[in-house]
Structures are given as structure tokens and as C-alpha cells.
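Got some structures for you, see below.
Each of the next two complexes has subunit A plus one more chain, namely subunit B in the first and subunit C in the second.
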Partner chain A sequence: MDITLSGLKKTFGQSPAIHGIDLKIVSGELLGLLGPSGSGKTTLLRMIAGLELPTAGQIFFGKEDASHKTIQERRVGFVFQSYALFKHMSVAENIAYGLKVRPKAQRLEAAQIYKRVAELLDLMQLAGYGGRFPGQLSGGQRQRVALARALAVEPRVLLLDEPFGALDAQVRKDLRRWLREIHMRTGHTTIFVTHDQEEALELSDRVAVLANGRLEQVAKPEIIYDQPASAFVHGFIGESNQIYVEQLNGRLFAAGSDLHLQCQDQTDGPHILFVRPQHVKLSQPTETGWRGQIKAIHQSFLGRRVEIALSDFNGTLDAIVNDSEKLVIGETIGVTLSNYRLFALAR
Partner chain B sequence: MPGKSWFYPASPMPGFRLALGASLLWVGLIVLLPLAGLALRASQIGLEGAIQILMQPRLLAALRLSFGLSFAAGILSILLGGLIAWVLTRYHFTGRRLLDAAIDLPFALPTAVAGIALTTLYAPTGWLGRPLNELGIKVAFTPLGIFIALVFIGLPFAVRTLQPILEQTEVEVEEASASLGAKRWQTILYIILPPLLPAALAGFALAFARAIGEYGSVIFIAGNIPFYTEIAPILVVTRLEEFDERGAIVVAIIMLLASFLCLLAINLVQAWTRRRLGHD
Partner chain C sequence: MTKSFLQRDPIQRDRDMVRESRLVERTLIALVFVILALFFFAPMLVVFVEAGRKGLLAYFTAIADPETKSAIKMTLMVATLAVPINALFGLAAAWAIARFEFPLKNLLVTLIDLPFSVSPVVVGLSFVVLFGSRGYFAPLLVQYNLQIIFAWPGLVLATTFVTFPFVARELIPLMQQQGVEDEEAALTLGACPLKMFLTVTLPNIKWGLIYGILLCNARAMGEFGAVAVVSGRIRGMTTTLPLQVEVLYGGFDLSGAFAIASILAGLALVTLIIKTVLEWRHAADLAASQRH
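What follows is the complex of A and B.
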């Protein structure tokens, strides 16, 4: 089921939470909504579900305008961060609930419900747990029950709010891989909210980056990482060094010295330069290139990081370098950037 | 520094012996000793004598009235209490804290004061009694009056046992129910009410137990007419005033048993809930 958001806005009292979002989610897609806390990602998800009504704009399920449909009518599967399991019901009863509350005419027979629950328990690797109560399960198992319960009603779209937020690192990783598998097997259109970029980049077909109630970029994970569309996205995703620079007649300057770097757009004026630590290369100092002094060297199992104080203008850079390079603190070295991105700053 | 003993495991917290000793002494002197005395005196009456006393129509009528009205008052307390607890936990309105505080008033108020207030209010000449009287409803000096007094006394127990459970319930659970297609009434019936049941039973048992023993707030409004508005606790006093100690003791023992059964029921319900809902 395609989901189309058109000019979607939400205001709580006086303060706007969502500023007008246009987004099309393709049927069968796994979309990650990524953003810092307070960016409006959960509000957006709750609006798609029908748990919040939009202040303006429309939500389409396929061609049908669902903007003012109730949550019951929308037939969505919603998985809450806190799982929201029914604690007084067994696992099997939790999963069967959505099937049992249907009006008599649409209700499956008891035997069919039983079969469906058994299938879902199998799918969730929870076979044999049907008789347990949520209080007797681990966090990861509870999350899987919540997912099974949402899938039981054959939702038109699956919505997950920070699905792995409350789990520890290893369980998170397992569940992530496993959710990907479930998605491939069932083919549900799925939207999940997360503030964990690693999770979003690893799991999603496309990532929608949200900040202050606005969409910053919607793209495949590798595009988001390699070609961030805005300064916010570059700063938010992955690590980067940032240097404020001035563009003048197609040349870049910092504190008056020419950086000898290519411009990336035509607009003169203040820019911010982003460079990831792995794109900062060390070399012999040269006359025209950047020079810097090694301030600190951090050796960890992840590799060697070097902190460099740039000599020609104020600024420091973090670099990730080969373990084989011989470096001494205080040494003067040359610095080149193998890749960088520039974003014009609003004056 | 107390050492390790067969009696209790070593603990870094000092004061175990002293605290346990004081607790046992307290429970023994204040609670168990009088009850043991009562049981001892009762045993001297013998089963046959006890049954003979028990079968007196006036006593049977009083017990029937006490248990029947207490049961009904417990039920109404839990229904009304549930509603009040719901309003207090779910809605934020001006005066909520005041209402919340007012719930405890029957706990703190001397019961005789409550009795006099209720009687004044519901007497045929009172604010509420007069209009009710004109409608043909008599409250004071009838079983209905006793019922009202017992609900007044039982209500805070019901509210205070349900309130914490309602505070714990997450709104997400209701949203989850709705997202699965449940109508509002289905959410209430299947999702909101069942987890409240154990607390509701406990609250009912507390209100019931309290109502069985209630004396002060009832004597004025009841009128204490034998076979009509005479409740069991009043009969205990009446028997004692008639120097019929044996009669008083039999009534007292029956009420003691009723209290024990109530406490037992509460504990069983709570143990069952804990098992069922896990440690969460």
C-alpha cells in the first residue's frame, strides 16, 4: 500500500511540531524516520496511524484519503516503544486480540484464529511461548510479541515507534537483522522511527531525516551518508569536522588565507565546510598546501585518531590514519582533504 | 554488631534483634492477646451453647442485616470508588487536589461525628431528609440510612486501592487496542477493566470488612430497632449492657471470623495477581 503525505502540518497549542511534509512511501518499502529528539518524527508516525489528527494536509493510503479516518478504520499495525502489551493476557491472547474484537461478520472462526496465532508465534521464533504472560518475557521477546500482535490483523502499513529503543546492544542488533528478514518475507510497507542513525542506515530502504518538523533529506542510506543534502544532515549523520569558510570570486578563504580548494557552488559568501575524519590525509608539509601540528594521538581498537591544529588559520581537525604511519606529537605535517562538502550559510 | 545466627542471615543492617523484638511485643500485646482472650472465653461456652445463642432470631436478624448491607455497601463503594479514581487519575481539572484530599475525610473523621452529620442531613427534618420524605423515601432510622453510612465509610478504601492501579495503566495500551481495531467499549471491557479486577476485589473486601465492624457512624442513623435496623456490632454492646457476656462473645467471634476470611481473601487475590502478571 502506497502512503502519500501531502502538506502535512501539526500544531500543538501554539507550537508547531510538523511544518508541512510531503512524502511518498512506496508499497513494500522499509522507511526509516530519523531525527534528533523533538524533531517531530513520532508525531509524524502517530499522524499516519491516526493517533493524532493533522492540523492541515492530507494522508493517502493508496488513493484513499485517510486524513480523517479513525485509527480503527485505517487498519495499521502500530508497535509502541514501550511495547504496550496487555499484561493480563497471555502471549497467544495478545496476538489473537485484534482478530477477536472484529465484528461478528468479519471474524475468523476460533480454529482459524488459533492457526494464525500459531503461525505468527513460529514466525517470531516464539513457538511454545503462547501460554506465557508478558511479565515473564525478556525485552526482546516482548518486542516480538508486540510485532506479532500488530501483524496478526494484516495491517495495510506497519508503523514502529523506536522499536528497539529500550533494548541492550546485542539484542538490538539481532532484532534489527531479524526485522529486515520479516520485512522481506511479509512485504509490508513499513515505517519506523529511530534516533539511532546506525539503525536507520542499516535497516532502511530509504531514510527520511527530520529536523525541527521539516524533512531535510529522503534518500537511500548510502546517499544520505555520502551526499548529505544539507549542513544539518552532514553534521547529524556520521562524524565530521566543520570549518567556517568564506567564498569569494570562486575561491575559498579561512581567516584570510586561501584554502586552495575547489568551490562546489556559485554563491559567494559564508560557507561551512564538512570533512569526515577518514577523508583527512596526512603528508609531508608543502609550500602551498595546508599545514598543521599534531596535538594528540588516540590509539584504540578502532584505529588511530589524530587531532591536528591547523597552522595557517584557527581550526582543528580529527583524522583517522593508518596504524603504520609514524607520528610524533608536536610534529608539523601537511594536510589534504580527499573529500569534503560545502554548504552555503544563510547570511 | 550482631553475629551470624541460625535465626537470620548475616546482614550489614544493624538493629534486627531490637526491631523484631519490638514488633513481636507490639503485635502480641495489642493484637494477639485480646483476640486470644476472646477465643478462650468463647471456647468455654462450647459449641452447643454457641449454636443455641446463635439461633436466637434477633441475633440472626442482626447478622443478616450487617452482612447483607455491608456486602451491598462494598459493591456500591467499589463502583463509585472506581469512577472517582478514574476521574482523579485521568482528568486534570481545577479542584482535583481538593477532591483528592476530601476522599480521605471519612478516614480521619471521628465516626460518631460522621454519624451525627448523616443523621442530621437525612432526618425527616434535614436538608436531604425532608425532600426525600416528601417523595416517600425514608432514609434515617431505616436500613437505607445504614447503607448510606456504610458507603460513606467504605468509599475511601475503594478509591485508594484502585487509584494506584489506574495511575499505572499506560495510555499506549488503550491506543494499541484501538490500533488493532477494537471499539471504545471493547477497550474498556477487555483492556482497562480486567487488570483492575484484583484491586477492585481487594478494595471491596476492605470496604466490606470495615462496614461489618462499623459502629460509630451507624448508631445514630440506624435507630437500632431490633429485627429492623439493629446491626451486629450494636447487638454486642446491647448484650454487654444486659450483662449477657456469652451472647456478646458469640457475636464477636462470628465477626472476628468474618474479618479473617476477608483478609485471607484479599491476600489470595493479591498472590494470584502477582503470579499472573509477573513482576512487572
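What follows is the complex of A and C.
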């Protein structure tokens, strides 16, 4: 089911949490909603579920305007960060809950409910756990029960609020892979919130980056990473070095010295230059190129990371370099950027 | 040459401190038990000893007295009405406070505690002024031929007022701590609000609710001050058990007074036992609301 958000706004009292969001989520898509704390991710999800009423704007499920539908009518699967499992019900009862509370006319027969619960337990690799209570499960198992419970009602859209937030790194990794599998098998339109960028980039078909209640960029993970649409996205996703530069007559300067770099737009004025550590290349120093001095070398199993103090203007750069390069602390080297992005700074 | 406290071997020093605090700890514990024995066990014991002083026959004769029977009935009736009313009110108030934001919410929270902070006699008096034969609502009551003061409705009213906070006070922190997520999950799964309440909210607050009702009931059956004022103490008509104790005691019928007192004391003991069992079995559920 396609989900379309149109001009969606939410204001709590005086303070706006979501400022007019337009977004279309394609049927069957796995969309990662990424953003810093307080950016409005939960609020957006809750509005789609009907747990929060938008101040303005509309939500469409397919062609149907769902803005004024009740929570129950929307039939979304919502997985809460804290799982919200019913403690006094067994795992099987939790999963069956949504099937059992339906009005009599729409309710499945007990045998069918039983069968469906068994299927879901299987799908979630929880076979044999049906009789346990939530208190007797590990965090990862609880998370899977919560997901099974949401899937049981055949939701039109699956909403996950930081589904792996409370789990340790290894369990997160396993569950991530497994969520991807479940998604491929069931094909539900899914939106999941995370503030773990690695998770979002690895798992999502598309990533939506939210900041201060606004969508900064919605794109495929590789586009988000390689072609960030805004300074915020570049700074938020992945690592980057930042240098404040001035664009004048189509040339770039820092502290008065010409950087000999290509401009990326027409607007003169202050810019911020982003370059990822793996795009900082070291070479023999030249007359016209950037020069720097090696301040520190950090060797780790991830590779070699070099801290460079730029000589011609104030600034330091982090570079990730080949293990084979011979480097000495204090050595003067040449620096080139194999890739960088410029964003105009608002004055 | 004594070393100062700080210069001593640190391990020895720590031991000394532990030993000192142990001594304090033991003294305090012993003190508490002595106080309890003096002010709690002794009176309880006296009640039962005095009640049984003239033998079992006298005891049961006193309890079988028509006035006493009427007092038992009145007490049961008052509790049967006041406790469910307060369970409902308390649930509603706790729900409103824990789930919604509204103006003057803090004022409401303070008001809920009012019955605890005001003397029950004052409560009784104000009901007399409102509903008595010369009270503000007297004309209305006469018109509909209703009697509140010096009749059972007055007893129920006063008792309900005095025991209002028990359930609400128990549930507010519990519901606040539990949050809304379980309920929201039920709604997204398609439950209607009533179903959500019955299948999710109620089981979640069950033990807190039972605990509140238990305390509410104990107080409802034992309430004296407010009830004394509104009942007029018409023997065999508007006296409850605590009032009857006082009536008999005033009439120098000590064994009768103690016989009834033993019923009330027994009620207190039963309450205490159930309360302990609840606290022991459902410690986690009640943790949020522990102030007793």
C-alpha cells in the first residue's frame, strides 16, 4: 500500500515538532527514517498510525484519505521502542491479541487464529516459545514477539520506532539481517525509525533524513552518502571534515589563500566544504597544492587514520590512508581532495 | 600515642565504621519492636482479652444483640456502597490525571488529597450544614422527601468523602509509571477502547487497584469522626460498628464494647495480612505506588 504524506504539520502547544512534510512511500518499500534526537521521527510515525492528530495536512493510504480515520480503522502495525508487550499474556496470546479483539463478524475462527499464531512463531524463529511470558524472554526475543504481534493483523503499513534501540550490538546486527529477510518475504510497506545511520543505510530501500521537523533529503542510501543534499545531511551521515571557505568570483579562498578548487555553484559568499576522510589523499608537497604537517597517526584494525594540520590556513583534516604508505609524524606532505562538496552558508 | 581516626589502617577504619553503624542499626531495630509491642500489639491483645473476659457465651450474646446486628448491617451497607463508588471515582480520577493534560490538573491532584488533610469532624459538620434539616439544600430535600442527615445516605456520603483518596492515590503513580504504550499498542491492534480497558489497562493495574480498595474498605468500615456527626447515633438505626463501640462504652457496657471492638480489630488484622501477601507477591506492580 502506498503511503502519501501531504503538507503534514504538528505543533505541540506553541512549539512546532513537524513543519509541513511531503513524502510518498511506495508500496512494499522499506523506508528508514533517520534523524537526531528530537527531530520529530516518533511524532511523524505516530501521526501515520493515528496516535497523534496532525495540526495540518493529510495522510493517504493508497488513494484513501486516512487523516480522519481512527487508529483501529487504519490497521497499521506499530512496534514500540519498549516493545509494549502485554505482560500478563503469554507470547501466543500477545500475538493473537489483534485477531481476537476484532468484532465477531470479522473474527477468524479459533483454529485459524491458532494456525496463524503458529505460522508467525515459526517465521520469527520463536517456535516453542508460545507458552512463555514476556518476562521470560530476552530483549531480542521480545522484539520479535512485538513484530509478530504487529504482523498478525496483516497491517497495511508497518511502523517500527527504533526497533533495535535497546539491544546490544550483536543482537542488533542479527535482527537487522533478519528484519530485511522478513520484509522480503512479507512485502509490507515499512517505515522504521532509527538514529543509527549504519542501520538505516544498510537496511533501507530509501532513507529519509529528518532534522528539526523538516525532511532534509529522501534518497537511496548510496545517494544519501555520496551526494548529500545539505550541509546537515553531510555532517550527520558518515564522517566528514569541515572547512569554512569563502567563494569570490568563482574561486574559493580560506584565510586569504586560494584553494585552487573547483566551485560547485554560482553563489559567492561563505561556504562550508565537506570532505570525507577517505577522500583526503596524501602526496609529495607541491608549490601550488595544499600542504600540511602530520600531527598524529592512529593505527587500528580499521585502517590507518592520519591527523593533518594544514599549513597555508588554519584547519585540520582527518585522512584514512593505505597501510603501505610510509609516514612520519611531523613530516610535511601534500594534500589533495579526490572528492568534496560545498554548501552555501546562510548568512 | 593514639593515632587520629584518619591515620589508622584504612581497613581497620572501615571495619570500625561498619561496626559502629551495626550497633546503631540494631538499637534502632530493637527500639522499633519495643514501640510496636507497646503501642500496637498490646492494645490489640487487650481488645481480644477484654472481649473474651466473660466467656464465649457472653461474647456471642453481645454480638447477637439486635443493636449490634443493626450496626454490623449498617457498616456493611455503607462499605458496600462507598467502596465501589470510590473505586470508580478513583479509577476515573487516576485515568484523567495519568493520561491527559488539562488546565488546573495540579489543583485536582491537590484536591484529591483534601479528605486526608481535613479533620473528619469538619467533613461531617459541613455535610450537616449542606443537607441537614436547616441546611442549604433542605427545601429541595423536603420537596423530594429525602433524608440524608441522620440517615444512611448521610453515612454513605461522609464515608465516601473521607475514603476517596485511597484508590486514586494508589493508581495515579502506578498508571503514570506504566505509561500509555501498552494501551496504544492495543488500539493499533484494533481493540476498541472498552476492550483495551478490560484486556490491557485493568490487568496492568489490577494489584494496585485491589490494594487501594482494600485500604479504602478498611477505612470505610472503621471511620468514626465524620460518620459520628452525620449519623446522629440513633441506636439500632444509624450506628455503625465504631459508633456502636462508643455508644456501649459510654453506657458502661464494657464487654459489649470490646466484643464489637474485636470485630473491628479482626478486620484490621485480616486487612494487614492480605496487604502483606499482596506486597509480597506483587512487589513489582505495587512498587510505583509504595508510600504506605
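In the analysis below, the second predicted complex is superposed on the first by the 347 of 347 C-alpha atoms of A that agree within 3 Å, B and C clash if a C-alpha of one lies under 4 Å from a C-alpha of the other, contacts with A are read in each partner's own complex, and residues count from 1 in each chain.
Convention: contacts are C-beta pairs under 8 Å (C-beta built on N, C-alpha and C of every residue); 3 or more make two chains touch, one makes a residue touch a chain.
Fair warning: this is a prediction, and the values are worked out from it, not measured in the lab.
With subunit A as the common reference, subunit B cannot sit beside subunit C without a clash. Of the two partner chains, subunit B and subunit C are each touched by A:A84. When the shared chain is aligned, subunit B comes close enough to touch A:F133, but subunit C does not.
With both structures placed on the common chain, the touch criterion links A:R102 to subunit B and to subunit C.
By the touch criterion defined above, A:H188 reaches neither subunit B nor subunit C. By the touch criterion stated above, A:V76 is placed in contact with subunit B and with subunit C alike. When both complexes are overlaid on chain A, the residue A:L51 reaches subunit B and subunit C alike.
The partner of subunit A that touches more of its residues, comparing subunit B with subunit C, is B. On subunit A, the surface touched by subunit B in one complex and the surface touched by subunit C in the other have residues 49-51, 71-72, 75-78, 80, 82, 84, 86-88, 97-98, 101-102, 149-150, 152-153 in common. Those residues of subunit C lying in contact with subunit A across their complex are 181-182, 184-192, 195, 199-200, 203-204.
Across the interface of their complex, subunit C is touched by residues 49-51, 71-72, 74-78, 80, 82, 84, 86-88, 97-98, 101-102, 149-150, 152-153 of subunit A. Those residues of subunit B that touch subunit A in the shared complex are 170, 172-173, 175-183, 186, 190-191, 194-195, 276-280. Interface residues of subunit A facing subunit B in the complex, by the touch rule stated above, are 49-51, 70-72, 75-78, 80, 82, 84-88, 97-98, 101-102, 133-136, 146, 149-150, 152-153.
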